[in-house]
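Per-chain residue numbering starts at 1, and chain names A, B, C, D and E are given in the order in which the chains are listed.
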Amino acid sequence: MSIITVSNLKKSYGDLEVLKGINFNVDKNDVVAIIGPSGSGKSTMLRSLIHLEEINDGTISIDGQELVKNGVYAKAHDLKQITSKMGMVFQHFNLFPHLTVKENLEIAPKMAKKEAIKVIQQRSEELLHKVGLTSWAKSYPAKLSGGQKQRVAIARALMMDPEILLFDEPTSALDPELTGEVLQVMKDLAQEKMTMIVVTHEMGFAKEVATKAIFMDNGEIVESGEPGALFTNPQFDRTKAFLQRSLSS
Amino acid sequence: MSFDYILSVLKPMLEGAQVTILLFLIAIVISIPFGFLLTLASRSNIRMISWMAQGYIYIMRGTPLLLQLLFICFGLPMLPVVGEYLVLDRFVAACLGFILNYAAYFAEIFRGGLLSIDKGQYEASQVLGMNRWQTLTRIIIPQMFRVALPAVANESVTLVKDTALLYAVAVPELLHFAQTAVNRDFTILPFFLAAIIYLLMTLILSLFFKFLERRFKFE
Amino acid sequence: SSTSAGESESDQKTIVIGIDDKFAPMGFRDENNEIVGFDIDLAKAVIEKMGATPKFQPIDWKTKESELSSGRIDLIWNGYTITDERKEKVLFTKPYLSNAQVAVTKADSELTELHDLEGKVVGLQSLSSAADALNANDISKNVKEITEFSDNVLALSDLKSGRLDAVIIDEVVIDYYMTKEKDTFKILDESLAPEEYGIGVKKGNEQLLNELQSALDALIEDGTAGEISKKWFGEDRLLK
Amino acid sequence: MSFDYILSVLKPMLEGAQVTILLFLIAIVISIPFGFLLTLASRSNIRMISWMAQGYIYIMRGTPLLLQLLFICFGLPMLPVVGEYLVLDRFVAACLGFILNYAAYFAEIFRGGLLSIDKGQYEASQVLGMNRWQTLTRIIIPQMFRVALPAVANESVTLVKDTALLYAVAVPELLHFAQTAVNRDFTILPFFLAAIIYLLMTLILSLFFKFLERRFKFE
Amino acid sequence: MSIITVSNLKKSYGDLEVLKGINFNVDKNDVVAIIGPSGSGKSTMLRSLIHLEEINDGTISIDGQELVKNGVYAKAHDLKQITSKMGMVFQHFNLFPHLTVKENLEIAPKMAKKEAIKVIQQRSEELLHKVGLTSWAKSYPAKLSGGQKQRVAIARALMMDPEILLFDEPTSALDPELTGEVLQVMKDLAQEKMTMIVVTHEMGFAKEVATKAIFMDNGEIVESGEPGALFTNPQFDRTKAFLQRSLSS
């Protein structure tokens, strides 16, 4: 069963139609790679899923609940509950600079007050271990390299125990040398069957890890499918042109 | 210039400095939160409130503090009908003037601080499920204060120096006593002493803020 | 004696007296920064007589009427000249001391008469009766420039440093300075205008005025005021 | 409050405003280049010069302008021996005080401006074969002024307001006349008029700087 | 004949020895790609050639003239004349933001005052045409994309008619989509036989365009040679490890 279904998603900024009726599904345990040229609407689409952008029309269901139906959003309380099933990792990490790494992980769960502090602290230690940053727990983000920051951001998202993780170009702001460590953490998550949607320019990662690839251009999904097939045998000229440009450079 | 003479001149000046320090503390403690409220008001979604806050800030920053002090101390009591209820004690009037004026400056500083905070901070807070109040108090305000700290330090030093205006509303302060002594004894020495006292006060204040800045460096 | 004798005895009423603390010998600060002077001593005696406590509040002389009308001070009492214009806004006691506005120059100046001020730079205290006296005299139209200072001392110090050619000032005040600093100043022959000092009370407060007047009269009567005058001027100058 | 009355009060105030404007123009025109020289001096490789410049800036920024004005106008003539040669015309003394004070502030602003310029600008100039002087005058200073413009604007508005201090050295200005009228006529109106004149002056100045900022936006 | 010879180049920052005795030659018309992990000293080496860093020991000759001999630099006047044979393109472009594109190109030649303004203007127009930015002549740099900025920077360097062009990671600050246009300009220059030294992470470019590749690690040149050989058959483990990491990500 689909954990995310998007139908007829439309979004404009003023006169500029950025998403022109998008339809797609994501199944549980899918790793979806979203690729496409700059300005094609990838970020806008991803951000719409977690309600960082308000869409103009269309329906988005998450895990069977409707976040927005034909352009009408759910009630505030439901909205919050629905989006809480997702975590998001940003291109520029968006760590809280005034909190230590450990505090970055723990602040949101503590604010939510659903669990004992003990439990939260234990999980933050586990997750820091998982992303290999146990020894940086007490450091402030400013001290970390880009790759380390992004791993903290992933751990922070995982603290809220999401069923789905969204990534918006998680390695684009990193030195090429540092992308590897972040991609490794993402591969591990894929192995653990985390459902993920990843906007990326990393064709290698898309080919290797993704179970599904979506190619967007100009506010539309041009084609989608199994990544191997899409990369080696694109059906449309637009896809072909884009892949050629991306792979050659 | 005997040591005794210096002491005798210094004594009233130090008493005046106490007034300066007291006014400084009162003004800073009240005008910082008031300034922050003004910042929030000026960013309010309600047009009226945001206009009023911005107009207030504009007027306070566009006219001399000295005029504002004279206005509050001598102008208000002259208003028809309500005037007689607006006769404030002169020290209270001075505090009020400084608070009203500095709140506007702090509001501008905090506005800049808020603008400097990346949109990503709000977005990260939102996707982590924090509500607006939590985001404001736990994420935004601490960062805003950190960004604003150097400007706040600057403004505080200016506040110390602006206490020299107190004499216009007849609150006897440091500089007034220095001036009295200069005129009485026909020597420039009290001005030097006053300069040293002001430098000491501003130095200590700067060091305190330097300490705060280092303390909240987040590195 | 202290500047803020204040609330020593709680049942006693405090009367706040606005003064210019740079107006020797009427009210000024001595080497110990204490406020002293003829008007100060007289005020202490009179207020005590009234059964109240005096509190001396140094103010910016420019704002004295504003201070009075706001009620922050109860009296203006520091060589305060009675003028018709001021009578419109302030209640005055009967005059207790006579004075004149005079023009003062440096001792070595060539100026000798009032009309020598033509084309000269003249200083005086802002919003003082010296300004009125000068304006009432024709010479005011011929002086080069009139500069207003926040107190007399600044004006005198500018005269000494040579930025001013003359200062218009209360005779009482310059007399005092001339005994203190001999050979520094000289007074031009003619005085500008005779005048009298009174005590200013807020309009509408006739009761305070009356109490004040009777206490003042009593002290003049019994010679206390005369003693104070002798202490400061070497003679009894009080108007009876 | 007849119209005639307003006019009669306004006339001396506007004359006072002329003094304000004149002093403002003189002070700004001289203190900006002087401030820039101070910036250069404070970055000098010669220790003595850089220390002296920094000390100067520190003292001027750490003591009240009012004290500095009194010092120059009434203090200097009281110096033993040299005092009699230091009797400046009071308007000249006021200008000098404002220039000396504001140069220190502008120096700090320009220092910040210089720091904000990327090292890469110097390197690019060097590899393109430009010498130090060419780099400074053609590449660095224009960018520094651009960066400093908003702060210079702010400081200039402050300068307009600080002219209210002129009363202390007996230069008759706007606020002095307003105060005179208030005390004479027992009405708050002159304070309002003064506020409006100050607001107008600061508004025009701000608009002028906004124009400059837009003009030199480099976009 | 070598146009650049470097021997025993040593450079330290305090106690940190960043270059530990570097030796290499560059022949006329060579395109040298310098690769290596972050912090290995590539930038420092490149910047030493054009006197943006002062070295501690060693000799650098440019076109037969000694910029520095056994750690002793030439006289100021000679220094300037020697470095003027080289142009440099930076990672962050370092355009002059307060000058238009055309002014950016013309300011240095005008300052040098060797040529008539007419001649300078004519060349700036030619070069703008060459990098495809004729229509942007009057724009300020802020208006340009990263790729366009870097092309302006290249044109600006060419205005001084250098015999050698140095590039320090010219495409690292660019969106992947925009690197192509910069690499194309560099390829054109290679075709015109410009001598170039390029510090780069773009293995594709290094393989395709470079005539020589130098692999640096830890302040030393580990190996160098014909790029095809070096990439497919590295002699040292360090090179192998680096290439594996770079090509996989």
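Here is the rule we go by: contacts are C-beta pairs under 8 Å (C-beta built on N, C-alpha and C of every residue); 3 or more make two chains touch, one makes a residue touch a chain.
In UniProt terms, the chains line up like this: A, E = Amino acid ABC transporter ATP-binding protein; B, D = Amino acid ABC transporter permease.
The shown structure was predicted, so the numbers you read here are calculated from the model rather than taken from an experiment.
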Inset, instruction - Work out which chains are contact partners of both chain A and chain C. - result: B
Legend entry - If a chain touches chain D and chain E alike, it appears here: none
Inset, instruction - May I ask which two chains are joined by the most contacting C-beta pairs? - result: B-D
Inset, instruction - Name the chain whose C-alpha centroid is most distant from the C-alpha centroid of chain D. - result: A
Inset, instruction - Select the chain at the greatest separation from chain B, using centres from the mean of Cα atoms. - result: E
Inset, instruction - Measure off the straight-line distance from the CA centroid of chain B to the CA centroid of chain C, and report it in whole Å. - result: 36
Inset, instruction - Return the distance between the CA-based centres of chain B and chain E, expressed in whole Å. - result: 53
Legend entry - Computed distance of Cα centres, chain D from chain B, in Å: 21
Legend entry - Multi-chain contact residues (two or more partners), chain D: 74, 78, 179, 182-183, 186
Inset, instruction - Please list all residues of chain C that touch 2 or more other chains. - result: 63, 66, 69, 154, 157
Legend entry - Multi-partner residues of chain E (at least 2 other chains): none
Inset, instruction - Could you please write down every pair of chains that are in touch? - result: A-B, A-E, B-C, B-D, C-D, D-E
Inset, instruction - Can you check the complex and tell me which residues of chain D touch chain B? - result: 58-59, 61-67, 70-71, 74-76, 78-79, 157, 161-165, 175, 178-179, 182-183, 186-188, 191, 194-195, 198-199, 202-203
Legend entry - Interfacial residue positions of chain A with respect to chain B in the complex: 50-52, 80, 83-84, 86-88, 90, 92, 94-98, 107-108, 111-112, 140-143, 156-157, 160
Legend entry - Touch list for chain B against partner chain C, complex: 8, 11-12, 70, 73-74, 77-78, 84, 87, 89-90, 167-170, 172, 176-177, 180-181, 183-184, 186
Inset, instruction - Using the touch rule from the top, collect the residues of chain B that touch chain A in their complex. - result: 118, 120-121, 123-131, 134, 138-139, 142-143, 146, 216, 218-219
Inset, instruction - Name, in rising order, each residue of chain E that touches chain A in their complex. - result: 37-38, 172, 175-177, 179-180, 183, 201-202, 204, 245-246, 248-249
